[in-house]
Every structure is written in structure tokens, then in C-alpha cells.
Amino acid sequence: MISARCYPTGTVTQIDPEDVSEAIKRPEQLVWVDVAAPTPADLALLQDEFSLHVLAMEDVRHRNQRPKLEHYPDHAFLVAYTAQQREVDIFIGPAWLITVRDDDQADDASFIEGALKRFERTRPEHATVGFLLYVVLDELVDGYFIRNDEVEEELEKLEERIFAEGPLDERLIQQELFDVRRRLLSYRRLAVPTRDVLTALLRRDVEWIDDNALTHLQDVFDHVLRVIDTVDNHRELMGNAVDAHLTIISNRMNSVMKRMTSWGAILLGSTLVAGIYGMNFDHMPELHWRLGYPFALAIMACITVVGYRWFRSRDWL
Amino acid sequence: MISARCYPTGTVTQIDPEDVSEAIKRPEQLVWVDVAAPTPADLALLQDEFSLHVLAMEDVRHRNQRPKLEHYPDHAFLVAYTAQQREVDIFIGPAWLITVRDDDQADDASFIEGALKRFERTRPEHATVGFLLYVVLDELVDGYFIRNDEVEEELEKLEERIFAEGPLDERLIQQELFDVRRRLLSYRRLAVPTRDVLTALLRRDVEWIDDNALTHLQDVFDHVLRVIDTVDNHRELMGNAVDAHLTIISNRMNSVMKRMTSWGAILLGSTLVAGIYGMNFDHMPELHWRLGYPFALAIMACITVVGYRWFRSRDWL
Amino acid sequence: MISARCYPTGTVTQIDPEDVSEAIKRPEQLVWVDVAAPTPADLALLQDEFSLHVLAMEDVRHRNQRPKLEHYPDHAFLVAYTAQQREVDIFIGPAWLITVRDDDQADDASFIEGALKRFERTRPEHATVGFLLYVVLDELVDGYFIRNDEVEEELEKLEERIFAEGPLDERLIQQELFDVRRRLLSYRRLAVPTRDVLTALLRRDVEWIDDNALTHLQDVFDHVLRVIDTVDNHRELMGNAVDAHLTIISNRMNSVMKRMTSWGAILLGSTLVAGIYGMNFDHMPELHWRLGYPFALAIMACITVVGYRWFRSRDWL
Amino acid sequence: MISARCYPTGTVTQIDPEDVSEAIKRPEQLVWVDVAAPTPADLALLQDEFSLHVLAMEDVRHRNQRPKLEHYPDHAFLVAYTAQQREVDIFIGPAWLITVRDDDQADDASFIEGALKRFERTRPEHATVGFLLYVVLDELVDGYFIRNDEVEEELEKLEERIFAEGPLDERLIQQELFDVRRRLLSYRRLAVPTRDVLTALLRRDVEWIDDNALTHLQDVFDHVLRVIDTVDNHRELMGNAVDAHLTIISNRMNSVMKRMTSWGAILLGSTLVAGIYGMNFDHMPELHWRLGYPFALAIMACITVVGYRWFRSRDWL
Amino acid sequence: MISARCYPTGTVTQIDPEDVSEAIKRPEQLVWVDVAAPTPADLALLQDEFSLHVLAMEDVRHRNQRPKLEHYPDHAFLVAYTAQQREVDIFIGPAWLITVRDDDQADDASFIEGALKRFERTRPEHATVGFLLYVVLDELVDGYFIRNDEVEEELEKLEERIFAEGPLDERLIQQELFDVRRRLLSYRRLAVPTRDVLTALLRRDVEWIDDNALTHLQDVFDHVLRVIDTVDNHRELMGNAVDAHLTIISNRMNSVMKRMTSWGAILLGSTLVAGIYGMNFDHMPELHWRLGYPFALAIMACITVVGYRWFRSRDWL
């Protein structure tokens, strides 16, 4: 599904994809072609109309590239990812921008919708391709912050559970910890090359981006830096949480051992008393006492109480 | 709440915020506008008077930026953080400086108060905007050292507790260790980009800062380096403390195990003796001895004493 | 086994290795000499015909170099590795390319076969040595992705086993974890210098590579970056899995300890009761009760049931 | 306490601190002013005589800077630390050098004494300020090596204790390990910026240092590199020692567990035998045997011997 | 012991050390002076003849430098280490090379012997000092590979032992692991600065080294890179092995705990049965059964068999 929007001075005209070739020939115009879930035919049409480079088209077809910026004589090719890890391919020409993405109905709050609204609301009279690129990238990076907040929340819940008192399904916690770490990792792998892409743009690698747009892209760059910062922070916090968790488990075992020892000693002590009075010696005066039996029970009770208190005082029970 | 101070040659005049636009037109003057807890109207007024860049104003409104320095044609925009992690936004013009902060009554020893006093005490006759910026940043970074000392103290207390002999609430220690590590992390995340901001200033990215001020900013830069150094040091010490703690816990478990084994063996030995003399054989000579019972008790006592000494000598008890 | 292919304008002629010296003298031609499992005589022939540098020839003879690019006055020498860690040595001349590899029948899907087919299918009319090099390197790096997928699958299986409930042969898991980590390590050691080789090529260190080929090599470079990214990701995931595994084992021990304590306490309690009623006191009323025996058994049953429930409620059983 | 030494061509004259201002005006002279435990008045005098920069003087007053080199128009300011972590501040002028340190009688083998003796012994006829600086810094860095050797010795002792067989006060070892790691850390924090200071000197940041002195400072630079190398080495060794220690403790616990299990099984086996012959069945033939009692004891002895051997053979005892 | 070899055009003449000063004056000659276990007099002679720099001579006397390259006006000074960690000092002049080493009879396969043989076998007609340096350094670095292989073998043996089933002297394994890690560390500390030395040589820091020699030194550089690569690889593998080892130990403890619990439960169960039938109740029908005793023994046997099977089925035994 190809939809082309053409921005002459001040008005918004949705033009026919087939007429795009004419539109881009009029230099005073800015054309934004958005392609969702492209068919091979759509891609062939685009390649013809805008004479897109064959290697870039191959990347679009195979998908699953890392974020990158490639500069060809007539246009630049930029690969970026949304926070939902969906690839967005962007072609940047002198007066046109093409965005190619997988699908448009899956996600209600599609970021392209957002970018479109924001562009039409904030664009200056003579909007350049640089400004349009800024709006698209900024919208995309804003999505990252929302994801970051979600991860932060998850991390806080995990922490709470790790430091909680009650019994836990540790296998589950481990699996969740592992999953969050995995996601942070894959997330970072998108953000870091995106930073490099923006560094290249700010280095003026693409000549069609005007100075004003560069100032705006600097802002996006700062946001990406903040995203990476936050992700690194989360990763280190996860590592610390794992450390703390291991110590807590070791510790719990320690405390179980102590209880075991304590109760074992108390029970064994009483058992020993019972064993002693179960001996068959001919001459054991206690056995013939009237209160011999209560006396033995009293000794056991005494062992239990004294033992309990003693272990308690040493914090073993 | 906007308060503007205007420094003509030698005297201090507090001028009306509305008259600021006139004041900044007189080049021989240095104007310091301090804005606390700004309302949208305050910000609009500032933006108009000083023609501040729209992106910078957006950052001021959204807050929560990373420390950064942005250079616009007419002014520079600097984001910094106090040691209490409160954001301070600074606009640097050729002859004026604007500081924007969240609130001014929360913190008695507000760093802006300190900067103000210090500036009025130490400023040379022809104070430049560079010197004013130096005073503000130096005051801010000085706050970091106080924080560092607090962290150091906390760390020492934690260490003491980790290496202490008595029983501990390990869960609590873990949580505190985790919290200190988290704070060190977030603290470092402020200091490192602040260093980059100062590097940019020292690279003469802002042309209104004179050579004398640069010499002073070099000093602030050294301080920030020292802060980062100290934080890294603390982080590594925390890591070492965590290692040591884990080993100590493992070790305690080891010693609990040894005691358990030792007492278990002693008690079981005595129980075995009791069990033997509880057997019902027709022919057990000891049972008929006059002193059979004391003899059995003596064996048990003997097992206990010898066992205790033996385990003691091997450092198991 | 030397096979030489000569590409004049448009047609493919397989020429005799002995005539190669003449072929390379005709500048309009591109010659690709492929040598499999070379004998010393083959290598001497090549060295003579193409006046290859003595140090490069020594590397070819000794094998087992790291991936590298060396520039000699008349030609460049490039060492690369297939995903199966087999060395491929490549000599790059102004109009000829020599590939030297160990053996050609071992691997059905030999990457040179693939490169050959692809080159003959996609080559432009005037194919340069740069384009030929691109095809060879791209085919080689594509193999890396397949390997990556295999590793990923293995890793997923290991994860599944680590987080599984049932009993495991832990020694085996450890050995497999160790082996996967070792392989990732040796894999990374090939990919990183391959990236450096491509960086050198893109820096125009070899002057016979035309601009068009450079654009294509940029694509290979991106792929290598992605490979390294993925390997690093896998390595970190392995590290996380090892962490998780250690915690799970600690945890299992914890749970074994708890069970042990629980059952130990229950059994010892019952034993104590039996011991008490095995004492030989003259006056123990319970012994003479008609239902004394069932009463004692009931106490034991009671201890078992109550103990079981109590431990159960604390998640110890 | 200020002491000034003035080196005219060939002779050594100790001049009066008050006359220093005159001495430094005679260009053919080299003046070395050494200040120990300076009073505020001393510092004011120095600042006046040599017109030292106010920021540098502040650093001297506040102490506790990181090692650094600051270049002012008329002189350079260098902060360094002795191996005993005492700060030494050095002002470098075209023909004078000022060393400021805390105290001079605390340490008999004060490094300034050493530098003085060495300078007077080795100085060439026309000694420059660069050569004097070299002597001071080299003497200072030489102290680092002695410290390194001390740390090495400590580390070796710790290692020996970790790998020793006998019982240990593990808490103490942990504390010592932690302390050594802490000292290595603080030590490294001095050495790394000292390296940067020397890099700056070798980059000719201070113009009064002649080429000959630079060659000598290159030597000091190499020594600092070696110090950092050694410290890093020690740190990694400490980390390895901590790893090894943890494994050894885990292992000891393992062996304690095995012993516990083994002896527990043997004692429980014998107790079971005693329990069996303590049962009150009417018909237990063994009870009426003449040798029943020795028979039971023999069974117990047998269990003990066989059990002991069996566990021994499996290396559990 | 000084031995000087002089290479005029084509012939090898061993010249007298005292005549060296004359030899080096004839520019068409290349002189190689090899000094083994030098006496102070030897060093003084060398210093006089070749006017070697005093700082370099001091380094030769004190030994134990890090690998480095120092450039003096008339010659360069290079410190390198053999794989056996013996220092070799090399002076490089326009037409002479001096190698100074500790001792020559200790090591039969002395690398200098090897270098000599190789130089005389492979030298071109007009051998330069650069080519001679290449031969010496290449011979030296080749020794590193042999060492690497030894370490690899050791590592493989350690791995085998770690993953083996039988009982181990863990303290010994830990000590060996620690020793191998220490050696890898000290080994790396030699290789890394050697790489820097070669980088400096390739940067043409020493002007007497001709282009042809540079091409050869590039080869040595590649070898050093490979050595560092391999060492880093080994270090990471060691780290992984330590991780695996710790997990295996934890795991073994787990399995010991399970056995302990299992056998404890079985033995305690039987003991309880014995205890029950040892109670002295008047009315216990089983006691009067004819087959009461075998019945009780049967219950115990039953507990043992069922318990054993049950635990076996859960993989606890």
C-alpha cells in the first residue's frame, strides 16, 4: 500500500503514486511516500520512479538489517527500528522521503500516524526533507522512552520480589530475570547503531539536510544518548540485582542450616535422655522413683526450653 | 518567580524583569536572570525577551534531560544537575546568563544562594558572563563532593557491618548495598555528561567565554574529573565488598556445618551407648554390675569430652 | 588443483593455468584463478606467474594466519575464513584474483562453488576485480549467518534445559555450556579481524578496487558488523545463562535442605516418642493403659500429620 | 619552613628566602625553593614573590587534588603524590622550581632529601629547571616501585594462606583481601593521572623544559607505565585469588558434607542394630544366645569398619 | 662475552670487539655485536665505542624494563623479551645492531643462535640493519607461539580434570588454575608493549629501517597480534573454566545433600520401627506374635527397599 503526500507551499495534496515521478521533478515540492507492507510490485515501482540503488532495495526485501545509513550518489538509505523492534526503511532524496514498513494495521498507535499528525501540525511554511526526517526519527525515538519506562517498571517489580520475605518460585524469577536481561540486550543493539546513524547525519554525511534540521536532529541525538544511558543503567542494575539475589539465597540456606542444627540438637538431646532411661541396668535408682517418669519428661522439657532460648539468643532460631 | 540582577561597572542593581530587555541592550552590563519554579507565562516572557530557541525551551518545559551543551546562533543552552539530582537549565548569552530551576524554598542551602553570595564577594570589577558561569558551575560541582563524602560514610558503615561478627539482617544489608550501588550509578550518570559539557566549554565551543574564565573552568573540569574518579572508586569498592560478603556468608555456612557435624557426632555417639545398654540380651554382664549405670553415664561423658576436645583441636567447634 | 577462469568482455572462457601469464597481460580481461589443496609445485607456479611476494607465499604455506590484508607493490594479500573455520587466502591484482583453499571435495556446498555461480549470474558486462572480490567475500560472510543461526538454536536448547524442572546431568550441561562459549570465542576471533580487513578495503588501501565495488563492500562490512553484534549478544546471553544456572542450583540445594530438615524433624519427633515409651521406669501409667500402644502410635501419626502440614504451609515440603 | 637553594654556574649557594626575588631576576641562575608544612604567611610570600596564580594557590591551600598539570602564562603548576600518598605541589618557572609539601620530619627517608642529594650529585654544569624537575619526579616514581614490592609480598602471603591446608580465620583473610584491593585501587588512582601529567610534559606543554630534560622525562614516563602495569597485574591477580578462594571454601564445605554423611550413616547403622535388639518381642532367638551381646557388638564393629573402608575408598572420609 | 660479526658484501668475517670502532666507520658494512652476560667493563666498552646514551645504558644495567622503543639522536634502544621471559636489549644504529642478553649457555636452543643461523641462511646480498632486526624479532616472536601451545596443552589437561568424574584434589586444581592464570597475565604483559614497539617501528620512528625491512616487520607485527589474540582467548577460556568448575562443585554438593537426605530418611525410618517395638507397653499384640520379630525386620527391609527405589526414581540416589 503506497500513499504519497505532496507538500507544495502551504497546502497538503495527496497525489497518486503513479504521478510521483512528475511531482518530484518540480523542485519546490516536498514529497513523502509512505509504503506499508509492500508487494514486490510496489518495490519495483519505487525503484523505477526514484532510481533507488539495487543494494538498498535488496536490504529492503531481505529486512532484518542493523540500523545504518548508506549514502548513494542520488539518495541516502537509512534503516531504523521502532521500540517494538519493527524495521523502518527510509530513503532520503533531495526533496522526497520514502518510508517503508512491514504493516500498518497491526499497531493502532502506529508511529507513522503520529509522525504524520505531528508533521502537519508543526511544519514550517517551507518544510525541507531534513525537517520531515527529524519528525519521523523523533517520533520513533520517543517510542523508546515509553519502552524504557515499561522495562523500569518490570525491573522494580522483580526487585521487590527478590527482596521480599515470603517463599518464591525461584525458577520463575530466574527465568524472568533472564528474559528482561535478554530484552535489554536486544534493545541496546538497536539503540547503539541508531546513535551512529545520527552521528553520521550530524557529520553532514547527507547533503540535503539543511542546518535548521541539523539543529533538530541534534535533539534526537541527545534523546538516543539518553535511551542508551538508561538501558546501560538498567543492565547494570539487573547485574546488581542478580548479585544480591545470589547472596540472599546463600543466606537463606545459611539460616535453614542453623535452624536444622538447632532443632536437631534439641531433639537429639531429648532422645538421648529417653535412651538413657531405656537402658536395662539392674541398678538405676531413677527408674524406681515414684516421680522418675515425670522427672525424665521434665529433663526433656528443660533441654528443649534451655536449648531453644540459647539458640534464640544466638539468632539461630 | 523571576529575579534579575544587573551588574554595571562595580555596582549591583536589582532590575525589574520587564526592563531586562533594555538592560541587555547596554553592552557594558552583565545581567543574571534567575528563574525559580517558572510558570508557562514566565517561560514565554523569557523566550520573547531573549529570543531563546524553541527546542531549548521545549527541553526546559519537559525537564529531565541529560547534562548537555547546545549551541544556538545567539546563545548557548546548558543543562546541569545539582548533587541532589535537581535539574538546572542555564542559558548563556554574550552578556547575560539565565538560570532556570524547579523550586527555591525546598532546600535551605540552595546552591543558587551560595553562587550568588560567592559571585558578589569574588567578582572582579569587569565580571564577564564566563566568570559568572564559572561561579555557578563551581558551586554546583562543590555540592558533588559533599554528596561523595556522604556516600563514603555509608559505604564505611556497610563495610563495618559486613565484616562484623554478630548476627545480621542480611536481607537488609543486601537491600542497602543494592541501594547504594543504584545511587552511585545514577550519580555517575550525571557526572560523566557534565564532564563532556565542560570539555566542550574548554574547547571554546561557546565564544562569549573569555580566556580568564576558561582558566577557571579548567578548575571546575578538574573537580568533575575527581568526582568521577571517586565515584568509580566507590563502585569498585562496592563490588569488592559484595565479593567479600559472599565469601563470608559461604564461610559462615561452612562453620555452621562443622559445628553441626561435631555436635551431631557427639550426641549420636552417646545415643548409641544408651541404645546398646537398652538391648534385651539375656547375657549382658554390664547390666548386672553394681556400677553399670554410672559406668554407662561415664562412657557418654567421656565421648562428649573427648569428642569436644578433638573437634575443638581441629577448629570445628 | 588450479582452475583459471578468464572473463573477456561478455563471455566466459576457462583458460589453461599455463597460459595464465599471457591472459593477465591483456588488460581488458579479468582472470580468476582458484587453487584447491595446492601442492608445493602449484604454489611455485603461481608465485612465478604473478610474482607474488615471498612473505605472502610463506603465509599461504604455513596457513593458520589471522584474517588480515597486506599490501605489496603489485598486489594485495587477504586472509579470510569461512564459517567452518577453513582458511581462504586471496591475492588481489589489478585485473586478477587468486583464491587458495585447503580442499574442495570435503564440503558439498563449498562456498567457492556458490561464489562462482553467483558471480556468473550477477556480474555486469565489465566486471572488475573489485566486484569479484565482493562476490567472494559476501558469499563467505553469508555463511557466517547460517552458523549464527545454528549457535542460536543450540543456545535455546541449553536455556530450555537449564530452566527445566526435571533432574539433569549437570556435568554434561556444564561441558556443553563451556563448549558453546569456546566456539563463540573462536568464532568472534575470526569475525573481528575480518571487520578490520574490510575497514582497510573501504579506506581504499587497495587501489584496484573501483568505487562501485566499494559500495558493494560497504554492504559486506555491514553484514560483518551484524555478525559481530550477534556473537557478542550470544556471548552475553551465555554469561547470563551461566549466572541463572548457578542461582538455580543454589536454590535447588536450598529446597533439598528444607526437605531434609522437615522430614528429619518429623522422624526424630516420632523416634523421641518411641524412645520415651521405651524407658524402663517403674511408674509410667501410659504403659499399663489398655490403649497405650495405639495412643503412642496416634501421637506419632499426629506429629507426622501436623508437622507435614506445618512445613507444607511454610513451603518447606 | 622555606629553604631556597640557588645554583649559579657550578657552585651551590643557599640563599635567603627573602632574597629570592632578586635571585630569580638573574637569568643565569636556577633556584629551587622547597617549602615544608607551609604557614599561610609562607604561601602569601611565595605568591607575591613569584606572582603565582590565585587558582593554583587555592589548590595548594585546600590540598587533596588529583595529580594534574596546569599551565598559566608565567609558570606551570603540577600536583603529584609520593608512594605514601602525600601530596607534593610543584611550581615550574622558566628558571625556578618550587616544591610544597606537608611536613618534612615525619619521614626520615623523605624523598625530597633523596632528590636533593641526587640532584647535587648528578647535575650537569648548566642544570636547567627541566633537569631538576626530572630528578624530583624520578625520585618520586622510584618510591612507587618500593611500594609495589611491598604489595607484591603481601599478596604472596595472602595467596599462601588461601591455598594453605590448616584452619583459617576467614573473616580476617577477607578483610585483608579487601584492604589490599582498596589500597591497590587508591594507588592506581594516583598513578594514572601521573601518567597523564607526564604525557602532557612530553607533549611540550611546558615550554621551559629543554629537549635533554624531555629525554629524561621519557624515562620517568616509562617507569610510571610500568607501575600502572604492575598495579593492574596485582589487581587481576587479587581477583583471581578471590575466585580461587571462593571455590576452595565451596569445596571445603563439600568435603565437610561428605564426612558428615559418612559418619552419620555409620553411627545411625549401629544405632539401628542397638534399636533392633532393644525390641521387646517374645520370640527373638538372638537375645537368648550365650554370645548374643558380643554378636551384636560385633555387627556394630563390622558396620563401622566396612562403612569406614567403603567411604574411604570413595574419598568421602 | 662480546662477539662481533661483520657482514661486508657477501662474506662473513668475525671481527675483534676492539676493532669494532673501525669497522663501524666503514659505511658499506653491517656489524652485529652480540653481548652475553656482560660485565660492567663490557658495557663501558660498548658505551664508548658506539657512544650509547647514558639512560639506555642505565636501563641495560638495571634490567627488568618493560618492552619499549626509545629513540636517541644516533641510535634507537629497544627492549624485548623472549618467551622464557628473559630480557633482550637491542641497540639499533644506522649500520650496526647490538644485542645484550643475560646468559648464553643456560638455554641450548638459545634464540640468538637461531637468529644467527637464519640470518646467515636467508640474508640478501646487501643486508641492512632493518633486515637483521627483523630476523632477531621474528625469531623471538616465534618462541611465543611455542609457549602458547604449551599453555594450550596445560589448559586442556585442566579442563579434562575439571570435567572428569572421579574425586580430585581440588586445592591442587585451584592452585594450578591460579598459576596458569598468573602466567597468562605476565605473558600478556610482555606481548602488549611488544606490539606497541612494533607499531612504533612501522610508523617509521627509526629512520635506519628500510622499506623492505618494514614489510617484513609488518609480518612480525601480525604474529604478535596473533599471540595477544591467543592469550586473550586463553584467559577468557580460563575464566569460563573457573565458572564451570564452581557450578560443578555446587552441583556435587547438591548431589551429596540428596544422598544424605535419602539414606538418612531410610535409616531413621528403620530406627523408628525398632524404637516402636522397643516400647514397654503392657498391651502390644505384635510383641507376642510368633513371627513378630521377623515381621519387624520385614518392615525395616521394606522401608529400605521402597525408600531406595523411590529416591532412585527421583534421581536422588
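Observations on the structure shown:
Letters A, B, C, D and E name the chains as they come in the text, with residue numbers starting at 1 for each one.
The working rule: contacts are C-beta pairs under 8 Å (C-beta built on N, C-alpha and C of every residue); 3 or more make two chains touch, one makes a residue touch a chain.
Bear in mind that the values here come from a model prediction, so they are computed numbers and not experimental data.
Fewest steps needed to get from subunit C to subunit E, stepping only to touching chains, is 1.
Of all chains in the assembly, none touches subunit B and also subunit D. When the CA atoms of subunit A are superposed on those of subunit E, the rotation angle is 145 degrees to the nearest 5.
Homomeric contact subunit A/subunit C: same residue numbering on both sides for under half of the interface positions.
Subunit A and subunit B have Cα centroids separated by 25 Å. Averaging C-alpha coordinates per chain places the centre of subunit A 41 Å away from that of subunit D. Shared interface positions of subunit D, defined as residues touching 2 or more other chains, are 246, 250, 253, 257, 260, 264, 268, 271, 275, 278-280, 284. Going from subunit C to subunit E and on round the loop of contacts, you meet the chains as C, E, D, B, A.
Contact residues of subunit B toward subunit D in the complex are 159, 163, 165, 215-216, 218-219, 222, 225-226, 229, 233, 236-237, 240-241, 243-244, 246-248, 250-251, 253-254, 257-258, 260-261, 264-265, 268-269, 271-272, 275-276, 278-284, 314-315. Every residue of subunit D that touches subunit B in the complex is listed here, in rising order: 53, 55, 59, 65-66, 68, 70, 72, 167, 170-171, 174-175, 177-178, 181-182, 185-186, 189, 242, 245-246, 249-250, 252-253, 256-257, 259-260, 263-264, 267-268, 270-271, 274-275, 277-280, 284, 286-293, 296-297, 300.
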